[in-house]
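Below are the structure tokens for one structure; questions will follow.
Chains: A, B, C, D and E, in written order; residue numbering restarts at 1 for each.
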Amino acid sequence: MFTPDRSKYPEIVDGKAVIDLDSGKYLKLWQGPQHPGVTGNMSLELIVCGDEVVDCKTHVGYLHRGFEKLMERRKFIQNFPIVCRICVPEPDTNEYLYAAAVEEVAGIKIPEQAKWLRTLNMEMSRLTSYLMWIGGHAGAFGLGPIGQWAVTHRDYMLDLFEEWTGGRVYHMYMIPGGVRNILPDGFDRRLEDTLQKIEKLMSEIEKVMLNNAVFKMRAVGLGIITKDMIDRYGVVGPIARAAGMKRDVRKNSPYLMYEHLDFDIITGTKSDAYERLLVRFREMFQSIDLIRQIMKYIDNSKNIHTKLPNVLHWKIPAGETYVKAESTRGEYGYFVVTDGSELPRRVYVRGPSYSHAVALLEDLIINVNIADVAGLMTSLHTYPPEIER
Amino acid sequence: MTKETKHNPSILENNGLPEFERDYFCDARPEQSRPLAKYIEKFLNWARANSLWLLGFGTGCGAVELRPLMTARYDMYRYGIAPRPTPRQSSVFIIGGYASVKTTKRIIRSYEQMQQPKFVIALGSCPINGGMYWDSYNTINRIDHYIPVDVYIAGCMPRPESIIAGFDLLKKLIKEGQAEGANKYIENLDWYKANQKKIIKDWNMPDYNW
Amino acid sequence: MSLKDILSPFYVWKRAFEKPYTTANPLTDRPGAPRYRGFHDNDMEKCIGCGTCADICQNAAIDMVPVEGIQTSKEDSGLRPKIDYGRCCWCALCVDICTTNSLNMTREYTWVDTDPDKFRILAGAQENFWTGKETGYKLGEGYKLLDHDRITMPMVDPKEGIKSFIELVKGYSKEQAIKEADRCVQCGLCIATCPAHMDIPNYIKAIREDNIPEAVRILYETNPMSATCGRICTHRCEEVCSIGVNGDPIAIRWLKRYIIDQVDRKEIAKILRNEFKPNGKKVAVIGAGPAGLSAAYYLTTVGYSVTIFETNEKAGGMVRYGIPEYRMPYEQLDKDIDAILDMGVELKTGVEIGVTESFDDIYKNYDAVFLSVGLQDSYSLSITGEHLPGVIPGIQLLDDVTKGQIPDLGKKVIVIGGGNTAMDAARTARRLAANVTILYRRREEDMPADQEEIEEAKREGVKFITRAIPVHIDLGENKKIILHWNKAEMLDQGPGKRPKPVLIVGEAYTEAVDTVISAIGQSPIYKLLPEEIGSQIKFKREKVITDKYGQTSLPKIFAGGDIVNDIADAISAIADGHRAAQGIDLYLSKQVKVK
Amino acid sequence: MADILRTALYLFISVFVILNYGLLLNGLVRKIVARAHGRVGPPIWQPWLDILKTYAKRSAISHGVMFFLGPIFRLAGGLGTYLFIPAIYGSVMFANLSFSGDLLLVMYFIFFGQLGMALGAGEGGHPNSAIAVGRGLSQMTSFELPFALSVIALAIQYHSLSITEIVAAQQGGILNWTIFTNPLATFAGLFALLGMNMHSPFDIVLAPQEVPIGPPTEMQSSFLGILQTNRAIFLSAKLVLFMNLYLGGATNIFAMMLKTFMLYMLSVVVGVSFPRFRTEQSIRFFLGVPTLLGLAAVIIFML
Amino acid sequence: MKEIIQRLKQQFTISNVNQQRVDLTFLSVKKEQAVSLISYLRDFEKFSHLVFLTAVDRVEDIQFQLTYMLHNYNTHQDLGIRVLIDREKAEMASIHHLWKQAGTYQRELKEMFGIDFPGSPRVDESFILEGWDNIPPMRRDFDTKKYSEETYFPRPGRESHDPESYMKSKLYPEGDA
């Protein structure tokens, strides 16, 4: 069982650390709401002693839009364009999960080709999200060029999304019943070009970031998450994998067409920030490989959409389900309850970084140098918009 | 000014406070500033237009398109635009889409911390008329009710190109001396404050406040 | 840490000697992708203003507003979508659901402005910087939100059908009806076209929700003869159906029929429950056709005591005596009529005004009189030989068949005319085992009959000869009748006018047949009206002139149905009856209680 | 009187030139760094625009006297550093106020600005400033050590505390430069320069990610303008000093520009390649190899 | 899964077992037994991962339905545990001692639904909202559209016509039935 070392506290009263801010020994430092280390806005109320954090409270809610409430008063089809906004840097997982949940409660089977296209979309989205993340992660330690390069390559991916779906950031592609369009002509060639560019970039990143003495000094040993913490804090995704857990929804409970694809769960052992970077780095290569595998199955002549009932007054019988998928940050899930009306009764979005961002971070950050807070946060890969919804 | 006083309603009655403490509640009255003589001002405006430091406070989804803008593909630095992490030094505030009430409070605070002349660009549908969160209980519908806005950029999200076009328009306005949002804010301060106070019920800022 | 870790990062400088990633001029170098979802563009000509785009928009971003230069007509609401870019999220659901495919998106994506109130655009109508720019997002391939295919109506096989007078259309099952109703987008364009302005979207909605009582109530609000209209209505509503622009229109008529098929007479009475107390005023209705029945029904619902006078043995008018049973089974008509009679309407049949009952008596004894006698006379062919024994009017044939007096038509029959009566007569003749040919003076596309009637007639083996003008009729050997006709060509009469058929000299034909049926139209007979009353009522080309409430120039007399309106179909007659009921209510009670 | 006036005029010209040169260096380096990022980069005149813009702000807020004095001290430090360094060997105009003991004075001035800044930033009251000042001061003391050792080694080597004399001793060929005559002291000094220039990996003080912008968090308008002015002057002053100490000084303005540019590029090349150290890591770093080098240099010349 | 349910049935009163998918089952349990059931599942049945905890407002029954979703990483089974609690006096035993992140979920539920979890850390502090003085927003009786229109002033100047009534006004105005 992990308990943060709070030995630096002045006194423990009734098992609780008491920090007297007036003693002059401590300083209260607010990080955020906007902080370059986080994608989105959240703030940390840090108590620091010298350069080290002795206490932390997270404050979220800067991006709360009340999605779950809004979804309760929108028709099933009307929710389809809005769900992608829940998580800005990785919208497609939301689209897929919403569509999948609705299809499941409504009893709709979608064509196989639509599943392939969705899988392709999900993997491209994973790669896109990781590219953005790796840039941010490098930036959090002050390694500027990686951010510049990686975000540019993310943009190349967005170009592909744009010509495929018509949207750059928000694709609104995986509509319940299937997908909205086939791949444009020549897409496979341009995709391959971009993948090769990204592979080149990855080799550069490896040289500049992964094999960087200073970077290693900063990241190795930062924010170690032990195995027993994983379940205790509900940690999922690459963070759990970096601790040696073979946990990947794609493999454990295969959805879409993942069972037809050849890949392994990538795990690490040391479970520090550097190990998590390595796991994610290898998963980017894995994504590239998966995209290539998927492209072999894409056939534009096949049916991509199951005809829905008239979406303007589509009623779904009462039921409830939970569907999940592996996002870049781990298990992303939608819990949908319907009551037979035209509107969903309840849609709960289970964001993977919810527990990382609050419960885990608050304990993990103790005794961390404030210079490393940003790096720790990016290493946990939290996206506040999805925590707050 | 600790968190415990947060829900104490009496602390919100700022009327009895001396002027220097009003700042804690964003209630201080800023001073109007006037442009200088015509040609000097024109020259300075030219400099201002070509050195836009934007506050690195992406208030909503819009921030996601600021990253490409800042990085190699679009490279906003070549247009004289650079991000700045503190409001004190920034001259452009980008409202990145929707603003929740909690963020609006920080937006107002940050805006007031910026030094004049200051400019505001609003990205996307949400600050114009609520966007897709038009019926949400936690996002405002029109940012121009709370702070003056110089340029609006349509889109959801606007592409980085659109944002560059927005900056071009802002530059044009500055050079023409039309971007006087800060003075507009001061002139109509009571109206803005009334609007702000209508939605933000908890005016306490974090423990330090400048 | 190794030396490699110290040296390797300097690799970063390699990039400095490569071409920068930067786009030189982003504003011009990177147009939106061919499928880009930019600002909307709407084809003003194609758009019909159905408002479906506004319905699906989850952001309430679309307003339907009138546009200068676009007239409201029956197939176009005259409204156009105005998009608020302070709301839009570019999801393009509006494009996907657009019934006419008029709404698309351009590839333009840059719009900056200082005025937040400007971000509202009447896509396609207002001149913008993106007007005329390339189209970006369109409805994707292999994916559709709207269902364009009508649920096929189960029909009796034509070969079986012509053997008897059984009803051809079998009617939808519940699943089929709900599925068909589900296709409706509830735009409401059809309401204006329906002469009775029936609340079509809502009764379709009631079907979808499987709420038959509600559906029946909605039907009876504007039409008390739904079993009838559900079968033989000319369904012009379906012609303006927005789904029909790119697909099959909603089967509005069949859905109406489905509703009324689900309930029997008792249930209808239970649903309708007349709650008004008698107000002591009496109204006479002359003619128990759709108009008369309709007027009687609505008057009864607000407390008038109504008596219908009918010459024939049974009520129903032209619906019973002018439409063959395979289209309009008598028990269904009876169901409608019985439901009305259940409301407390008194029906006197076998009354011939001027013979068994005097018009003056009625005029004196009742507070108001509604005249709906219909068109009983057929137009004559105005050619020599039209009075020969083998030449009969179409309505005569239909009337006889209804009354069970099956005439002997012989083996070969020619029907002259192209309207629904001609089709009915021809198909009735088929059922009487004759070989039937239809002779029509214009082209097939000019025929006033319903398209499906024509098609069904063809399927049943009726032959068509078009552009054929009968010239005269002779009597031939063996009681044969010889019809002389001439081929015609169509002469263009200029824009907006119907082309005129003109004889082609030298192309004359003859045909020896057993019977010639003329079905080129009907005209009214007003002989029941006494001279002094008839002279006070104003007519125009044989039709009674009324105000919008059906009131004639004689205040106490109201009129409706085929003797008033030019369309002369059942639904118009029903609408006339409804309006007249309101008029009579207004006239007698000084207020309109009739809904 | 005329002497004083002439000196004043020369000083003015000298400062003006060095200010613009500092800004030019700044612009140039931004462009170069941008290339490594794969970007085009801002126009080369961007620093001038930025500084003009900052001075042209219409409003400014002060948190007190020290807040106001902070930037002034900083500028005084920058100017002080520069004014006692002979920028171009043999040029009257760019001889500045150099005198026999100027090396000591310059070393004092290099750190004077920092301290002044610390006071001003402290009164700004923003915790980020306070934290960054703490980091800055501790990091400063740590790179001061190798630098001081290096300077001591030089003083011993050249038997002089006058920069002009040290430069003079290096004339007459490239091999007379300290970098070749005393490589140990030079490398110790150059490591210290890396720290002084506030580029990665030693820029934790100003790091926007870790502590938004550091000490100048609260500085705005003309306060920031003064800081920017100082940054240009101070940067070139440091480079000129290092050039004089290790690269044999300059006999004309072009040589000066070339050598200082090369020196600055050292920081840039390292800075782009590495992320930043935490404070204690950089302290540990400076107290390691650079200090040892400095010590070795001193010891070698003591012997 | 069946065996687990069988075992559970021996110790707890569970009802409404519904196997939604091969790997997803829902069941209902009484409020009093919920926490011990969850602890049992965590400790003895290897449902070691709390996927989420959320509520559904069953306003028509005056009840909240809490759903605890647990996951077993060995069998890859999801198990949703439904607990109905009273809506008027919404209170539930906290499970923050079982999983750390449960405290966060419970804070959210307290704020969004007004369900109290006595003893849960920081449960009374505001979490996402700031200065909220209305009924908890996720409750069904809170009308977000009305609140938004009253509070945030939608931009004026918009008007829309319904095609149906507009056509009526143009083509067959009043009295023309």
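As a convention for this text, contacts are C-beta pairs under 8 Å (C-beta built on N, C-alpha and C of every residue); 3 or more make two chains touch, one makes a residue touch a chain.
Computed from a predicted model, the values in this text were never measured in an experiment.
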Determine the set of chains touching chain A that also touch chain B.
C, D, E
Looking at C-alpha means, what's the farthest chain from chain B?
C
Would you mind telling me which chain pair, A-E or C-E, is linked by more contacting C-beta pairs?
A-E
Taking the mean of the C-alpha atoms as each chain's centre, how many Å separate chain A from chain D?
43
Distance in whole angstrom between the CA centres of chain A and chain C is 55
As a quick test, compute the distance in whole Å between the mean CA positions of chain B and chain C.
58
For chain B versus chain E, what separation do you get between their C-alpha means, in angstrom?
36
Two or more other chains touching the same residue: where does that happen in chain E?
128-130, 137, 142, 144-145, 155
Multi-chain contact residues (two or more partners), chain D
34, 36-40, 127, 208, 272-274
Among all residues of chain B, those touching at least two other chains are 56, 71-73, 75, 78, 85, 102, 128-130, 132, 134-139, 142, 156, 159, 208
Touching pairs here come out as A-B, A-C, A-D, A-E, B-C, B-D, B-E, C-D, C-E
Would you tell me which residues of chain A are touching chain C in their complex?
74-75, 77-82, 85, 145, 148-149, 152, 159, 162-167, 170, 172, 175, 178-182, 184, 204, 207-209, 211-217, 303-305, 307-313
Which residues of chain E touch chain A once you look at their complex with the stated criterion?
20-21, 23-24, 26, 48-52, 54, 56-57, 67, 69, 73, 76, 78, 80, 99-101, 103-105, 112, 122, 126-130, 137-138, 140, 142, 144-145
For the complex, which residues does chain D have touching chain C?
32, 34-40, 269, 272-274
The answer for chain B against chain C in the complex is residues 72-75, 78, 122, 125, 127-132, 134-135, 142, 144, 149-156, 158-162, 164-166, 168-169, 173
Residues on chain A engaged by chain B in the complex (per definition of touch):
28, 30, 33-34, 36, 39-41, 43, 45, 61-66, 69-70, 73, 81-82, 85, 88-89, 132, 135, 147-149, 151-152, 154-155, 158, 168-170, 385
